[in-house]
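Structures for review follow.
The following pair of complexes shares a single chain, chain A, combined with chain B in the former and chain C in the latter.
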Partner chain A sequence: MNTVSQEGLLDWAGPILQGALTTLEIAVLAYAIGLMLGLVGASARLSPWAPLRGLATAYSTAVRAVPELLLIILLYYAGSQALTALTNAMGLPGQIAINGFVTAVGVLAFVQGAYMTEVLRGAILAIPKGQLEAADAFGFSTWARFHRIVIPAMLPNALPGMSNLWLILIKDTALISVIGFSELFFTIQQAAASTRAHFLFYAAAGVIYLLMTLTSTALFARLERYVRRGQPISEEA
Partner chain B sequence: MTSSLHVTPSASDTLAVEARHLVKRYGDLEVLRDVSLEVPEGSVTSIIGASGSGKSTLLRCLNLLERPNLGELAIADEAIRFDRNPQGDVVGLDRRQLQRLRAKVSMVFQQFNLWPHFTVLGNVTEAPMRVKGLSRRRANALAEHYLERVGMADKRDSYPAYLSGGQQQRVAIARALAMEPRLLLFDEPTSALDPERVSEVLSVIRGLADEGRTMVLVTHEMAFARDVSDQVIFLDRGVVGVAGTPHDVFEDSDHERCRHFVAPAV
Partner chain C sequence: MDFSWLADPFYQAYLLEGFVNTLWLVAVSAVGGLILAVAVALARLKGPRPLAWLAHGFTTVIRGTPLLVQLFFFYYGVGRLLEGIPGVQDSLIWPILRDPFFYGALTFILSVGAYSGEVLRGALLSVPPGEREAGRAFGMSPFQVFFRLWLPRAIQLCLPTLTGEMILLLKSVPLVSTIALMDLLQAANIIRDETFLVYEPLMLIAGIYLAMTMVLTVVLRQVERHFPGTQPTRHRWLPIRGQARTPKVPDTPHHR
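What follows is the complex of A and B.
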């Protein structure tokens, strides 16, 4: 259908690559923050202190229960309205719009954190008790025990789930297009609408997402081999 | 010493462990009922008894992996500061003191409990570096020394999963020694091993006893306990049934269940 329109895939290559890059930036940042939230969330879920446990349970339950699309729209519109009301109340006139990139990273990280909390919690619970007991018996501080024993011991259990979450996250960045932020999917929509070469551009989008996920699957496989370095081959299969 | 226990005179009269009237309950089950124990510096104490007699629980109270409900405990001349409620029940511990004391008391576990993500060398250097703040160079030198001592130096770069049980336990002993502890605790160190692997671990432990290290062992190896111990404690349903020299416990006891228990070894 290229012949019908004035512009084709090549004219859009620049914006599309730019969009793909933005998508990756959003995903990497959201994943990193989500991982931190997940570590805190999982530790809180396993805390002996009931209020902390309750808070973390509420977070992971509520966030996982609500569609992400709804959360994105809620945070974007409700967030900017609330901020506008706040600044107006302080005597500053005008509208406040939340930056699309910040919204995208914020919402996706918040959602990732909830799922990550559950993945990491399960992985921590699967650590043989004796390994933690040995750390306790040698007088490890809470922090030394956490980052030297708990994290490396739970990673082999956690990585398959973490890799899943990363793949879902890459695809979820497409949801950000609803607030008009030009990541990959939004750019593709623009291109498809403008050239009317719908199939071509959506297929190109599919290929780009596929390339991203295939590359990261390979990276995760390498990472998993590394964190399982102390385990016999038979368990790798 | 104002001890009621018949302990052979040892190199020193300071006590590595002094436990008074320890009580440990799990719900309604009273596992330890009023157990007192003294371990002089430089002596070897074996705790024997039937399963369920509370011997592992007693050992685990000595580094507070189990927190006693009642009683007093001093490790290396330092009284443990328990938080108590008005009735005297132990409800908490001073975490800082606990970490400091645990650095002086090393434990060897029945299931070895090596960290699978570290190499043999990493397992041995980890606690000296993280807990005692040793440099990697010093920790490595210490680890090489003790791995040599237990005959595992050639496996320093292997991961624990690739070693036999006996080899893993010897690494675990090197890991405990590298902390240069005042007190070594052994919780049934040979019970998880294949029979043909038991002797390699026992001979390492025997060597440590000969060096005059302070040790408390929970063991089912009666002949071994009789051979290496200065003091043997027969624990019976949560109380000390008989305590004394190996001779007192193995040959000269009028405690019927103790005589019955040690009979196969005599």
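What follows is the complex of A and C.
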């Protein structure tokens, strides 16, 4: 087979760049929501109230035991059907097709939240107890203790895990192409199918994802140095 | 919930084939991938410089790109190129090169090799150098030192992380449904298309995966328990990729 064709990489550069931007938007939003879910999940898992603890454990365990791709497909269908059922119940007939972007963000955030729960829980547990007791002894309110002590003390422990989750998330966005939303990898698949230059376009996809992950690794390394300021220099450095 | 389709022997056959293929893929990729991982780790630590760079580049690329992209790259990209080489279609290996299972296994082997190779490299670095020197002092060849001392000690240190990688491998198998390989998800897709039932097949597969993850966790924990010299570590089940860090072993002081 000859890979020579009328269309080449340059003709697709625009759509591919657009797809890469969409991928980044999905990833950033899903990460932010996942972080919130993770904070809520971690607080629930550490809560003294057993039913709340059980609920959070069930969420993080079930999501982490089932393959991401399966979850994405399942939640994609479940999400649109649940919304349709909801609107039908409210007296609005008809099918609801949810926007692909919203689904993508929602599903990835839901999965991300489960992993984030575990990362944050571990990081919070690693805070020396005395620091929290000191905050209590000084009469800190729960909120002040949370954002003045817990968050800064937890970040150095949590950041390596959080950076890993971000890298996993960027790579997981490619799974969204399976439900047919046109992010980066879906665009690449269309380009490859239309030009028949499969090798070229999938290699290009690899390069783009690699650029994203390598840049992220460098940025997270800087961030980690920042949150570790004031900590004794570790032996690993 | 309508599970009446479960009684259909055709669908049972699909599900069974998907289940068997999933297990095969995990087994082949785990064995091949771990062998590759040892090679990659060794190349990065002791290989001549070009080989070390090559191994480093390999792990960076594999770990920095989505598995789905790699799968498409090998199946559609490399597969189509191979197809175009004259004579390949008549050769004896063509049945293998045409089979999506080959590309699935290839992709997963490379993936396990890169991720576990990195884990193993860290573990090899954590083995106190004094132990290797002791091996040399006893007259072991470098080859013996590696396979009898250094590697087993490193595996002791990173076994929970390695078993975690195996669970992550199991969870990436549904990706092969995108290259038309009959795994459990592909079986569910066929059932969904034919019966117009969306949830039930997917829920069943999710349940099967939940059970498989649990069984694999229990089995791997037994492996950990019976690996000579490992202390029973309390670690979480369900790993997060890259989360578990190899324990740092304090260097034994050099006596001169």
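Rule of thumb we're sticking to: the second predicted complex is superposed on the first by the 218 of 237 C-alpha atoms of A that agree within 3 Å, B and C clash if a C-alpha of one lies under 4 Å from a C-alpha of the other, contacts with A are read in each partner's own complex, and residues count from 1 in each chain.
Following the convention adopted for this analysis, a contact is a pair of C-beta atoms (placed from the backbone, for glycine too) under 8 Å apart; a residue touches a chain by one contact, two chains touch by 3 or more.
Given the structure is predicted, the values throughout are model-derived calculations rather than measurements.
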Simultaneous placement of chain C and chain B on chain A, clash or fit: fit
Touched partner set for A:A203, first chain B, second chain C, both or neither: second
Partner chain in contact with A:T213 - chain B first, chain C second, else both or neither: second
Contacts of A:N164 with chain B and chain C, given as first, second, both or neither: second
First (chain B), second (chain C), both or neither touched by A:A32: neither
Chain B versus chain C as contact partner of A:A134, first or second or both or neither: first
Chain B versus chain C as contact partner of A:V66, first or second or both or neither: second
Between chain B and chain C, more extensive residue contact with chain A: C
Closest Cα approach, chain C to chain B, once both complexes are overlaid on chain A (Å): 22
On chain A, positions contacted by chain B and by chain C: none
Complex contacts: residues of chain C adjacent to chain A: 60-61, 63-70, 72-73, 76-78, 80-81, 83-84, 171-175, 177-178, 185, 198-199, 202-203, 205-206, 209-210, 213-214, 236, 238, 240-243, 245, 248
Footprint of chain B on chain A - complex, ascending: 128, 130-131, 133-141, 144, 148-149, 152-153, 227, 229-232
Chain A residues within the chain C interface of the complex: 1-2, 61-62, 64-71, 73-74, 77-78, 81, 115, 118-119, 160-161, 164-165, 167-168, 170-175, 177-178, 185, 188-189, 192, 196, 198-203, 205-206, 209-210, 213-214, 235-236
In the complex with chain A, residue positions of chain B that touch it: 63, 65, 98-103, 105-107, 109, 111-119, 126-127, 130-131, 159-162, 179
